[in-house]
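Down below is the structure, laid out as structure tokens.
Chain lettering (A, B, C and D) follows the sequence in which the chains are written, and residue indices restart at 1 in each chain.
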Amino acid sequence: MADYSIQELMIVAAAREIRDGEVVFVGMRLPITAYGVARLTHAPNAVGLFECGIVRYGPADGMLYTMGDPPNQLGAAWATGLVQVMSLLQRGRVDAGFIGGAEIDRFGNINTSYIGDIENPTIKLPGSGGAADIAAMSKRLLAIMNHEKRRLVQRVDYVTSPGYLDGGESRKKAGLDGGPAAVITDRAILRPHGPESELHLASVHEGHDVDEVRGHTGWDLKLLPELDETPPPTAEELAALHEIDKDGFWRG
Amino acid sequence: MIEKLVDLRDAIAEHLRAGDKAVLGACLEPDVPFAATHEIVRQGLRDLNVIAPISDASTDMLIGAGCCTEVTGAWVGNVSGGLGHNYRRAYETAEPHKLTVHDHSNFSIGMALMAGAYGMPYAPMRSILGSDILRSNREFRLAENPFSEAGEPVVLVPPLKPDVAILPVQRADRFGNNHHWGSRGLVFEAAMAAEKVILLADEIVEPEVITSDPSRVLVPGYLVSAVCHVPAGMHPSPMTGRWQRDNEFFNEYHRRSRNRQGFLEWLDEWVLGLPDHAAYREKLGARLESLRIVGAAPAAETNFAAA
Amino acid sequence: MIEKLVDLRDAIAEHLRAGDKAVLGACLEPDVPFAATHEIVRQGLRDLNVIAPISDASTDMLIGAGCCTEVTGAWVGNVSGGLGHNYRRAYETAEPHKLTVHDHSNFSIGMALMAGAYGMPYAPMRSILGSDILRSNREFRLAENPFSEAGEPVVLVPPLKPDVAILPVQRADRFGNNHHWGSRGLVFEAAMAAEKVILLADEIVEPEVITSDPSRVLVPGYLVSAVCHVPAGMHPSPMTGRWQRDNEFFNEYHRRSRNRQGFLEWLDEWVLGLPDHAAYREKLGARLESLRIVGAAPAAETNFAAA
Amino acid sequence: MADYSIQELMIVAAAREIRDGEVVFVGMRLPITAYGVARLTHAPNAVGLFECGIVRYGPADGMLYTMGDPPNQLGAAWATGLVQVMSLLQRGRVDAGFIGGAEIDRFGNINTSYIGDIENPTIKLPGSGGAADIAAMSKRLLAIMNHEKRRLVQRVDYVTSPGYLDGGESRKKAGLDGGPAAVITDRAILRPHGPESELHLASVHEGHDVDEVRGHTGWDLKLLPELDETPPPTAEELAALHEIDKDGFWRG
């Protein structure tokens, strides 16, 4: 196995989805670190938005358990409210947004609300938080998930965060632009493809293979023609990551 | 001006009623008014509809303690630990009671409180289109935007008007005038939308401190019903410039609340077995002191002189 | 970060186009960007739709100079003097040209800019019900509140999305990050609603000054297109903590603009005959200096430290 | 003639309309001074709102040409935005609001927009400012006018600020509560009365009489049964007024 953890590869892969100069809805956990890596490597002009009401240029200096922690306030570009920051999504001014989820389906719909029936669920999950908004209104949605058959499913029980809904034109018909651009898992990266915008296998992480990934996917996962191995983190990316997550809290 | 400085116990007893819609946790992760959460548990209030975008462990605790039977929010759990065990038990198995959830997204609850704050009949938005939130919460309406040519769909969000909003602030005077800084989440909208506002002030200052900077005021004191002096009243959540997050406290709560018996023991140890927040702070002792922000990063000087 | 500090002349030349919808004066009486008004007149821009709740003499001047053929606002005149003579001449007798007015109230233009700022499809409100503003401005729609039982009437306000907003601020860095304090009128909504923002900074400071207080930021610099260092760029209007109102200047403008010839002479003396705002400040000389706020009434210290 | 100017009487009469503890939308010119007089005399707990985004308890220390002037910012209870302050009207939290006007009619409708036809007016007036909002949403509207036959008219050319519209239930039918409570002129005070809410003569200022006032009114002005002379300013009221308007700018 390579000289990096799978969490490190996921963070770096997420960081690469951020282009220089972009405005990114960062959210919590891994994406905060991914944003920091992007900023310190290829995207020095990216801007990070946090739904608690923070806008930052550079990453915070200090451990962030949550986006509202004091180090994220100190030196921020803007400390304001949720409505002010989240309305940038509705205003069409957010290029990319990160969310996680308990379940995702082949059209990129994500469930963080109810496993099973709404009235009588097996598991009551915490709910949307800002995920439904980020999914609905970012130009590109980026999802980070653990790759398990029970999580990557044919159809989610509940669409908390809309992906391409029933595929094809259905997202547009619901009144939404944008949509999922990549799903980063601990085994692979999936991307929408074709007229139906179904998620296809785009790259497989080192140490994993296509059959294994397909075996852990709850639908008949098709392959992108340009399918390749996920490029490992570069030395520069790992250095940036270690600078941001000094204690290794998010690197597992 | 009217003096509004009272003990937290009296503020809760006077202003909060069984069945009220109460905002507890409007700032997302910071400034969750745990001191009030505890006092509500001690007073045994019932049937609260707790409003909070991201409620963190506060709502979970109120559910487990039997105080909260309805939740209006976007996310209920434990930001450090993950799932909210009392929340799950109540919703999945009605233990200790049945729970009604009014599903929202962060932005939809923001629009709902904004509409309440501004007296708007409702707020139209594009968010949560395509989401099953529209299926599980029937309070929203789908409509067509009358200004669009193609009849584009919009979601109409009804206003949310809480009975009470309980909000920590860094400093306030005895008339309820106050300063709040750092990210605000939905604190402002909650303060304006609610019929009554109870402030938990980390510090009580002279009125001149507040009037020296009217741009830092959350809402003027005349809109506040009670102000309580509760240092670190938001522990274990953080407060900008004052207190760091006690992450391990959240994790411990998460571990110990995994089963009902463990939760009840935790509640006895940290809430029911203590008379008030002063005793809670004393029990925390050096642990709380280690979370106090002692560094200095002062805001640039700002002049309000008139001549 | 991208350096955005440019000369006002270049900022206007690059970012403002004939026919644009431009916010000039969003703070009501304070912070009217007269330096930009003058530069627009000097550059001879045409067919502007000037957006301003209370435009004061700036809009009147742009109408008289032939730059503005449409007004979207709640009040056009001269706050010190009363009626706007150029405004009247244009509307009543098409001198120097015909003028189109999109009537608003202060609150309706606030809701329109807020809807633009927040990307809302429209904003429903109860205000201007019963007003003939609904008769003279057909952009509003009357509807029934679908959440009311009795079908109560509401006014739907379409969003306003200016091409450019020109906004004075007390201080900014060279990347467009800034602080604004005192009453804000619709400055925030205008900044968020506009496609482009041009700042007139009374003072240029190091970036650390701005980041020391993120709660004082109007909008972050990444949303700003250009920042211009123009001390007293809002003269004769006031700026909180910096400049007093030059009331007599407004009155003199009002007197001299009573007839068209007098207005043209005034314009020649104070705008067309001067190359830039530095020359205007020099011409004001001691008069401007006497308006400078020199007293100290500092805001209470505020800490953003994290540990 | 008494030892006070007519402006002083109008300001004092306006101040008396403010009750202690009330939230008052103050606006510009005379009402700013009236608010200050009320605060310093019978209404020490009144709160003053200014649509530029200011809330004050005590009156400003220093000359105010406009509500946004630096003395009104210094020591304010709140400096915020227009939407935040004006929405208190829509939220039903404003007890009384003051406005002026060029024309008012017998139902208290006020015109500050167009004299004559909209497309081709004799005079294009400045417009609503916040007046339409204050008139629509204050619990009690207080108007201050010069009493001339061309200003107090049977029917205004244009309803900028709604009063009782066509009288009777018409304001309620338009979706509005509240309505005009008093019109303070330089000759008299008028108040709505009866099922039609038509403006009646409530009191006449010293030095004026009923016939004269009726002669300067553009409709057949009826009298309230309790019609009386407007009480002159007290020494305390005049002292408060002189303290606030030190230079006599608004007492003309």
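Rule of thumb we're sticking to: a contact is a pair of C-beta atoms (placed from the backbone, for glycine too) under 8 Å apart; a residue touches a chain by one contact, two chains touch by 3 or more.
Only a predicted model underlies this, so the values are computations on that prediction, with no experimental measurement involved.
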Chain whose mean Cα position lies farthest from chain A: D
A-C or C-D - the one linked by more C-beta pairs in contact: C-D
Rounded Å distance, chain C centre to chain D centre (Cα mean): 27
Chain centre separation in whole Å, for chain C relative to chain A (CA means): 40
Centroid spacing, where centroids are CA-atom means, of chain A and chain D in whole angstrom: 57
Interchain centroid distance [CA atoms averaged], chain B/chain C, Å: 36
For chain D, residues that touch 2 or more chains besides their own: 54, 69-70, 73-74, 76, 79-80, 83, 87, 89-90
Interface hub residues of chain B, defined as touching at least two other chains: 119-120, 125-126, 152, 154, 181-182, 214-215, 240-241, 244, 293, 297, 304-307
Touch-based graph of the chains, sorted into line, ring, star, complete or other: other
Chain-to-chain touches, reported pairwise for every pair that qualifies: A-B, A-C, B-C, B-D, C-D
Contact footprint of chain B on chain D as seen in their complex: 23, 45, 47, 54-55, 57, 61-62, 69-71, 73-80, 83-84, 87-92
Interfacial residue positions of chain C with respect to chain B in the complex: 119-126, 141, 143, 145-148, 152, 154, 156, 158, 179, 181-182, 205, 209-210, 212-216, 240-242, 244, 293-307
Residue ranges of chain C touching chain D (in the complex, touch as defined): 27-30, 53-54, 73-77, 79-80, 82-84, 87-88, 91-92, 101, 103-108, 110-111, 114, 125-133, 135-136, 152-154, 181-189, 238, 240-241, 244-245, 247, 293, 297
Touching residues on chain C, where the partner in the complex is chain A: 1-2, 117-120, 177, 192, 211, 214-215, 217, 219-222, 304-307
Contacting residues of chain D [partner chain C, same complex]: 28, 50-54, 65-70, 73-74, 76, 79-83, 86-87, 89-90, 113-114, 118, 121-133, 135-137, 158-162, 165, 171, 174-176
